[in-house]
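Next up: some structures, all given as C-alpha cells.
Okay, so chain A shows up in both of these, paired with chain B first and chain C after.
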Partner chain A sequence: MKITQQATDTSLTLNLDGELDASSSVILDTELSKPEVLDYQKILIDCQRLNYISSAGLGVFISHLQRLQDANVKLIFYNMQEKVHNVFEILGLDSLMTIVPTQAEAVAI
Partner chain B sequence: MSLRQKLQTAVLPLTILSWLVLLYCTLSAASPTLAEQLGKPAAWVALVAQAGFAAGVFLYQRNLPDPLRGTDFTGLLRRLLLGPGVLASVCVGLHLLERFIQAEAPSNDRVFFAVIYTINLALFIIFLAGTNYTWRSLVLFRAPTHLRREWLWFELLLGATLLFRLLNWAPTGLLAYPVMGGLALFGIYLSGNQKWVAYLNRRQKWEVVLLQSGLLLCMGVFVVYFLRIEHDPKLVAPAPQHAFLLLTVFFATFYSLVGLLVTFFNLPTAGVFEQKREEILSLQRLTQLIQKGQTEKEIYSTLFDSAVQTVGADAAWLTLDAPVDGYSGQYFNIEPEQSAAIHSLLTDYNLGHIEYLNNDLDNSSGFRSLKLPFSSMIVMPLRSTKRRYGSLYMLKDQRHGFDRENLGILQTFTSQTVLSIENLQLLQASIENERVQEELKIASAVQDSLIPKTLPTDNWFEISSFALAAKEVGGDFYDFLHLPGRRLAILVGDVSGKGVTAAFHVAQMKGIFHALMQENPLARNDREKFPVPSRFMSQANTALIHCLEKSSFITASLYIIDYEHGGFVFARAGHCHTLYYHSIKEEVSYFRTAGLGLGIIRNDSYEKHIKNQFYDYNPGDVMVVYTDGIVEARGAKQEEYGEERLQRVLERTYYLEAEEIKQHILSDLAEFSHGQPVHDDQTLLVIKFKAVQPDSHS
Partner chain C sequence: MKKDIRISCSRENLKVVRDFVNDYLATYNLSELQLNQIILAVDEVVANLIIHANGEDESRSLCLSINFVNHAVDIDIEDSSPISYRPSTFREPDMNEHVRLGKKGGVGMALVNRIMDSVEFTTSGTYNVCRLHKRVS
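This part shows the complex of A and B:
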C-alpha cells in the first residue's frame, strides 16, 4: 500500500494505492491520527487504486469517523471500485459515510 | 603357546644359565685348582656365555610391558633411579668389601675378586638394559611410525655389535671409527627425541633434573669401577663386550644428558607453558561449569571468577546493561565509585563499548587524574551479533600487566558466556512458546465448545453446517436457539480481526444472544415475548459499545424462522447478504437489505440503520448463510470467489439435500482456491425448507 497526499487550504486528499489490509492500515491510521487533520474542512479519500479493503482497513475509517464528525470535518470517498464499494455497502457504511463517484463531485460537496 | 611366547619364557632361565656359565669360566680362569677339578672350558664358551647373558638381559627387559604409565614421566624416572641406585650401591658395596678384605688380609686370591667382578658386570648390564628400555619409552612417546622403525634398527645394530667379540672379529683401525661412530651418531640422533619434556610442569621439571643427575651419577659409579679394575693385575676374566657396552653406555648417558639439558633449559619457560596450560584448563572448566549453569546469574559469576583467576587480575568488575533477576554485575577489589569513575571516563573517550587494552594508564591525563592504584586495564564487552549484554573490566597494579594473549583468552571466555546465555534464553523462550501454544490449544477447545455440536432437527427443515478457523481460534460464530411456538432463532456473525481478541468477542456475542433471547415477562402478546431481529441488533450494539475497541466491529445476521406461520424474519447487521432459492419463482437471488454492522455507531441512533425483512417461505426453498471468508476466498490470481459464483453453485444444486448442497459449495470453493492458504475463518450454513409432514403437528 502506498499513500500519497495533497493538501489545499481547506482539504486534504489521500490517494490510496494497493491493498488496505491489517499491516498497511497501520500507515493509514498514523496519517489520520495526526492532529492537523482536524484543521481541514474535508478529508478526501481517492480510492481509484484501492484494490482491496480488509476489515482492519474499514476499522481505521470507523475509528476516526466519530472524531472527524465531532470536529466538523467531512470524510468523502470517491473513485471507488465496484468491489470495494460493495464491501462498504454490505457493512452499511454507505449510509454513514459520503461516497461519491468522481473527484469533481467530491470537491463540490 | 606360540614359538615366540615359548622363546620369551625361555629367556630368563637361559640368561641365568649364561651368567652361571660365565661365572664358572671366570672362576676357572682365576683358579687353576678349580680348573683342574672341573675341567677348563674352551675360550668360546666364555664368550658365548657373556654374549648370551647380555642379549638375554636386554631381550628380557625388552619384553616387559611399557613402564610408562600415561604421562607420569617423573614416576618412570623415579622407578628407574631406584633400581640402578640399588644396583650401584651393591656394586660400590661389593667393591669396598673386596678392598676391605684386601686391606685386612692381603692375598693374591683372585677367585673372590673374579666373583665380585662377574656380579658387578651382571649388575651393570642389567642397569644398562633398564635404562635403555626406559629411554625407549621416552623416545617413542607419541612417536610417528618412522621413529618406531628407526628404533628397531638401532636395537638390531646394537645387537649385531655383540657378535663382534663372539666371532672374535673386531673392526680394527680405519673400519672401527665409521662403524662405532655411525652407531654413536644414530644414538645422538635418537637422543633428540625429548618431546616428553614439554608435558612437565615446573615442579616436575626440577624433579626430572634431579633424577637425571642421580642417574648419571649411578652410571658414573659403574664406569669408574670398571675403569679402575680394567688394569688390575688380578683381573683374569675374559674381556667384556667392549663395542656393545661402550655403545649402550654412550647412548644411555647421552640421552640422559640431553634430557637433563633440555629440561634444565626449559625451566625458565616453564611458567609460560604452565600459564597456557592453566588457560586451556580454565577454559575447559569454564565451559563445563557454564553448561551446568541453570541461571544467567550463575553463568556470569562463573565467567567473572574464571576470568579474574586466569589473567591474574588485581581488581575487576562486571556490569550488565540490563540486570537479570536483580543481578547487575559484581566487583572484586574495587569500589563501585571507582569503577563508575573509570566507566564515565571511558564513555567520554568513546571507549565504553569496545574491546580496549591499555597497559599504561598513567600515560593518560584522564586516568592520572582519577589517582587509581592500577596501571593496566582490559575492557571486554559481552556481545553477540544481535545485542550487547554488558562489559567485563580487568585491572592490574603494574604497567604492561596484560598481553595480547590475555585479550584473546578473555574474548574466548566472553563469547563462550554469551553463547551459553543465549542458549539459556532460547531454551526459556521455547518453554514459554510451548506454554502459549498449550494455552492456545485450550482456547481453541473452549471456542470449539461454543459452537453447537448438534444441529437443531425437525421434520420441516434440514440444516447443514461447516466452520473452519484460519488460526487456532477464530472470529466467526453461529448459534441456534429454539423459541416457544415452533420457532427457531439462528445467529451467524463475524468479528473483525482474527485470533484471541476476536475469539473473546465471539464468546461475548454468544452471551449476548442467549441473554437477549429470553422471554420478556412484561410482553403484552406472544409476538413481543422475544425481541424482533432489529431490536436484538440494536440492543446488542448498545451492549457492545463499552467492550469493543474503537477499530473493531461485528457483523451478524439473526433469523427467526416461524414454522407455524411458514415465514421468517431477519435483520442483517452489516453481514453478508443471504443467498436464497425461491422454489415458487424457481430463482436464486440475494436478499439485498440495508443494515449497519455492530459497534460502528456508538450511540442511540443505531436503530435507524437496521431493518427487519419478512418473508414467507415455501417448501423446497433453500437459504444459504455464510461469512466473508467464503466469498472473499482467494483464487490462484488473487481474485475473490465472489457472490456470483456462489449463486451459480446454488442454481445447479438447489434440488439436492441441504448436506449435499453444502458439499457442492465447499468442493467448488476448494477447486477455486486450490493451493491458496486460508486467510480468513469460513462458516457456511445451508437450510432447506421441506413440505409439511403429516405427523409433524404436535
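This part shows the complex of A and C:
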C-alpha cells in the first residue's frame, strides 16, 4: 500500500494505491491519526488504485469516522472500484459513509 | 494446478494466500465480484487465525486447500492452535455502534458469514479446521 497526498487550504486528499489488509492498513491508520487531519474541512479518499480492502482496512475508516464527524470534517470516498464498493455494501457501510463516483462530485460536497 | 498451500503465521503472508486463491480460481470464469468476495472471505479467516489464534508466531503454520467441483468452491483452512474459534460467540455487528465507538475490529466474520453459503469450524484436540463452501453461478 502506497499513500500519497495533496492538501489545499480546506481539504486533504489521500490517494490509496494497492491493497488494504491486516498487514498494510496500519499505514493508513497512522495517516488518519495525525492531529492535523482535523484542521481540514474535508478528507478526500481517492480509491482509483485501491484494488482490495478487507475488514482491517474498513476498520480504519470506521474507527476514525466519528472523530472526524465530531470535528466537522467530512470523509469522502471517490473513484471506488466496483469490487471494493461491494465490500462496503456487504456491511451496509455505503449508507454510513459518503461515497461518490468522481473527484468533481467529491470536491463539490 | 496446485490445490494447497502452507504458510507461516505472518501477516505478510495474507497477500500470498490471496494470490494463491486468485490464481487457482482464475480458470473458472467467476465474476470479478464473486472472485473478490471469495478471496476476501478466505483472507478474513486466515487473518483471524494468524493474528488471534496463533499470535503471529511465525514458527507456527497453517494449511489451506481449495477445490472447485460442480459449480462450488470448497476451502479448508487447518491450523493447530490451542485457541479455536467458537462460532457460538458470533454476534451480528451493529455498524452504527461500531462507528459511534470507533471500533477497529469485529466485522471480519460478518463478512465471511454473509459471503459464504456455509462456514464450519471443527476442532479435534489442537487440530482445527475451518471449512468454507460457496456455490457460484
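As a convention for this text, the second predicted complex is superposed on the first by the 109 of 109 C-alpha atoms of A that agree within 3 Å, B and C clash if a C-alpha of one lies under 4 Å from a C-alpha of the other, contacts with A are read in each partner's own complex, and residues count from 1 in each chain.
Definition applied: contacts are C-beta pairs under 8 Å (C-beta built on N, C-alpha and C of every residue); 3 or more make two chains touch, one makes a residue touch a chain.
Here the structure is a predicted model, which is why all the values come from computation and not from measurement.
Partners chain B and chain C clash in the overlay (superposition on chain A).
By the touch criterion stated above, A:S55 is placed in contact with chain B and with chain C alike. Judged by the touch definition given at the top, the superposed model places A:K83 against both chain B and chain C.
Contact with both chain B and chain C is seen for A:G92 once the two complexes are overlaid on the shared chain.
In the superposition on chain A, the chain among chain B and chain C reaching more residues of chain A is C. Using the contact criterion defined above for the overlaid structures, shared-chain residue A:S23 touches chain C, although it does not reach chain B. Of the two partner chains placed by superposition, chain B and chain C are both touched by A:S63. Within the superposed three-chain model, A:K42 lies out of touch with both chain B and chain C [touch as defined at top]. When the two complexes are superposed via chain A, 546-554 is the only one of 546-554, 582-590, 654-662 or 690-698 in chain B with C-alpha atoms clashing against chain C. The residues of chain A shared by its contacts with chain B and with chain C are 22, 29, 55-56, 58-60, 62-63, 65-66, 83, 90-93, 96.
Residues of chain A that touch chain B in their complex: 22, 29, 55-56, 58-60, 62-63, 65-66, 83, 90-93, 95-96.
Of all residues in chain C, only 11-12, 14-15, 18, 32-33, 36-37, 39-40, 43-44, 47, 50-51, 93, 95-96, 98-108, 110-111, 114-115 touch chain A in the complex they form.
Contacts from chain B toward chain A in the complex involve residues 496-497, 550-553, 555, 573-577, 594-597, 600-602, 609, 628, 640.
Chain A contributes residues 19, 21-23, 29, 52, 54-56, 58-60, 62-67, 82-83, 86-87, 90-93, 96 to its touches with chain C in the complex.
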